[in-house]
Amino acid sequence: MTAKLDPKLKYDEALEQLQEIVHLLERKEINIDDLAGKVKQAKLLVEFCREKLDSTEEEINKIINPNDGEEKPF
Amino acid sequence: MTAKLDPKLKYDEALEQLQEIVHLLERKEINIDDLAGKVKQAKLLVEFCREKLDSTEEEINKIINPNDGEEKPF
Amino acid sequence: MTAKLDPKLKYDEALEQLQEIVHLLERKEINIDDLAGKVKQAKLLVEFCREKLDSTEEEINKIINPNDGEEKPF
Amino acid sequence: MTAKLDPKLKYDEALEQLQEIVHLLERKEINIDDLAGKVKQAKLLVEFCREKLDSTEEEINKIINPNDGEEKPF
Amino acid sequence: MTAKLDPKLKYDEALEQLQEIVHLLERKEINIDDLAGKVKQAKLLVEFCREKLDSTEEEINKIINPNDGEEKPF
Amino acid sequence: MTAKLDPKLKYDEALEQLQEIVHLLERKEINIDDLAGKVKQAKLLVEFCREKLDSTEEEINKIINPNDGEEKPF
Amino acid sequence: MEEKKNIFTLSALNQSLERFIRDNFALKSYWVIAEITKAQEKNGHHYLELADSKDGKRVAEMSANMWFSTFNRVNNQLNGELPTIFKHGNKVLVNVRIEFHSIYGLKLNILDVDPTITYGELERKKKETIERLKKEGLYNLQQELKLPAIIKKVALIGSVNTSGYRDFLTELMENRIFTNFKVKEFSVSVQGDRATKQVVNAIHEAQEYNVDVIVIVRGGGSKMDLNVFNAYEIAKSIAESRIPVITGIGHETDDVVADLVANKYEITPTAVAKFLYVRAGVFRNELQSAFDSILKMAQQLIASNKDEFTHTSKYLVHYTQNIIRENNNLIKDCVHQLHIGVTELIESEKSKLDLSLSRVGNNAKNIIALKKSTELNARLDMVHMLSMNNIERNKIGLNNLAELLMLLNPEELLKKGYTISTINNIDVINYEGELDGAELKTLSSEYLITSKITEVKKHE
């Protein structure tokens, strides 16, 4: 159930899944059977999103400042 | 998405596209997934414009100072 | 855009066109895409005028000093 | 413009016309397009005046020293 | 202008006319176009007066030495 | 002008006329045109007087009819 | 008249008178003034008739004589003037002795003569004569005649054998200046009683000759000698002469009347001759010098006119050349200015062009620089910033979710020993169905327990 996330997963979808899980938890509409799996997935999703954000940030910084660290500002 | 720009693109069109991206960003109408791509595109557009400006400048310099480097100032 | 100038162009007209370009540029009412073209045209106009001046000068020198080298200035 | 001068032209008139051209030039009230023409006309006027002066001088010399070489000045 | 002088012209009149011409020339109140004519007239007047003086002198010399070569009668 | 002198001219008158000519010349009240004539006249007057002085005078005679109405010769 | 007649002979009477006169007057003399009415000389003796007149009437007469020896003595004392003093009409002051001769009667014997009265009388008469001449309009008549410029024919009146006469002719004919004279001589006596008449006649006669001038000469003489030329008659005929009269009467002091009325007078005959030839010489010189100066001035006039011509001609040439030269310079200036004007015009146009082109270039570069700095960089920064904002915003959202997840995560409760129980996947707390007999699932940290509800008690 809480297999690895599909690497093609989009950030928005991941976020949606995450929010779905959070809502389930809030509404306690969660199946005890699935609970651990859901939490696990939620954690995965959080990490996924975080990574996505981080990588995006990094990528953007790289795009904008391709030679960051070097002296040339641009 | 961020394919190479059409070399026939005009500076003003490129600038408009860039502006469009700015507006998208301002209106937050952009996905995180698309964000880096848009930024890349923006960067490309900027580079495109810059090159355009550089080449125009160079061209102008060539026009105005055809024998630059020689002693003759004009 | 920067086709060869009409050889029948008058000096004053050329000068006017040149001035027009100067004003356009001063008012920054110009596309980057057109900029080099305008500069080229300005350059052409200047060269046209200069040639016109040179040829006029030469003509005048011929008139004034028909036998250049002789002592008589006229 | 620079048609041959009227042979009936008087010296004084020619001189006046010449000076008019000189003044136009001094006040830079002359088109480059017209310049060569004006100069040509000035040249014609100068030649006209100079010939008139030379012929007058020669005529006067003949009158004054009909047998050049003799001592009598008149 | 420089027609032959009236043979009835008196010496004093001729002298007056001559001086008039000299004054015109002195005050530069003369056209180049008229200059040669005036000089010619002056020349005629000078010759006229000079002849008149010479003939008068000769006449007086004849009166003084009626038989030139002989001894002065008194 | 210089017609022969009146044989009845008196010495005194002759001398007077001569001195009149001297005064004319002294005051330069004489035309070049009249000069030779006047000199000629002077010459005649002088000769007239000289002849009178040097001529062998006729004997002193009785005047035949002293009151005859004729003029006394001297 | 009946008286007794006492009769004497004439001789007795005369003898008585003679005696009486001699007794009373022989030693006496008297100075007497009288007029000579008659004068005679015989054998050296002088016989005078003296008279006195009053208002034109004769009031006294007496004869007088002067003997030869007395006359000579007195005449010597008076420098020989005496004969001229003893002239008819003269007033004399004489020293006389009264004598009576029985035959010749009463007579005055002249012993001495005082000439002063006579001289004074001469002067008086001379003045009278002058006055008369003036009154009659004769005095200045001669001055109205003009002396001819050349005097060649001369009527000469004088006494042929006198030295004055000879001097005149010699001077006239033997000078070095002018001798071409002709002289008609009129010989007259210049003294004595006939002189006046002869001179007058000669003047009259000379009028009828073709002469230029009448010359009257008289050599030197005493006052009384020359008195003849004070005569009214001579003066009148001189004045009335139609021919100019020149006198040459030798005298030292006073002029005679003849001099005064003559056209001209000289003090000696020689001087008259000199006057005549000098006048001719002067005339000749005047002629010559007048003619010379005429010739000289005529030549000067011509020379100065010629000079003037030379000047005029020079000026003519000079001024003409000036005009031509000036005009040549003017043209040269025009050409020069033309050259300068053209060059300046072209240069200014060229620099205008250069300026325009550099303005084009600079403006173009400015535009480019502006675009680079503002348009492009600003936009790229904007993109960057907005992107980062987006990411940041997402990160915050994600963190919130993560925190919420953590809060909601029951695993922590389970670890602390709590359990979760659900019936039909509904939390027991919320479950509203029939509890009894329902299948209850309980989750602990370690286990998932499924159980059947067997009892339900209400919790208090």
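Just so it is clear, A, B, C, D, E, F and G label the chains in written order, and each chain counts residues from 1 on its own.
In the analysis below, a contact is a pair of C-beta atoms (placed from the backbone, for glycine too) under 8 Å apart; a residue touches a chain by one contact, two chains touch by 3 or more.
All values reported here derive from a predicted model rather than from experimental measurement.
Among the remaining chains, those touching chain D as well as chain G are C, E.
Inter-chain contacts peak for the pair F-G. The chain with its Cα centroid farthest from the Cα centroid of chain E is A. Chain copies chain A and chain B are related through a rotation whose angle, from the C-alpha fit, is 15° to the nearest 5.
Look at where the CA atoms of chain D average out and do the same for chain E: the two points lie 34 Å apart. Chain F and chain G have Cα centroids lying 34 Å from one another. Centre-to-centre spacing of chain B and chain E amounts to 99 Å, using the average Cα coordinate of each chain. Centres computed as Cα averages put chain C at a distance of 67 Å from chain E. Shared interface positions of chain B, i.e. residues touching 2 or more other chains, are given as 32, 35-36, 39, 43, 49, 53, 56, 60, 63-64.
Counting only residues that touch two or more partner chains, chain G has 288, 295, 298, 302, 305, 313, 316, 320, 324, 327, 335, 338, 342, 346, 349, 354, 357, 360-361, 364, 368, 371, 377, 380, 383-384, 387, 391, 394. By the contact rule set out at the top, the touching chain pairs are A-B, A-G, B-C, B-G, C-D, C-G, D-E, D-G, E-F, E-G, F-G. Residues 10-12, 52-53, 56, 59-60, 63-64, 74 of chain D are the ones that touch chain E when the two sit in their complex. Of all residues in chain E, only 31-33, 35-36, 39-40, 43, 46 touch chain D in the complex they form. Chain G makes touch with chain D in their complex at residues 310, 313-314, 316-317, 320, 324, 327-328, 330-331, 334-335, 337-338, 341-342, 344-346, 348-349.
Interface residues of chain G facing chain F in the complex, by the touch rule stated above, are 146, 148-150, 152-153, 155, 178, 180, 182-184, 207-212, 280, 283-284, 286-288, 290-291, 293-295, 297-298, 301-302, 305.
Taken together, the chain G residues at the contact with chain C in this complex read 332, 335-336, 338-339, 342, 346, 349-350, 352-354, 356-357, 359-361, 363-364, 367-368, 370-371.
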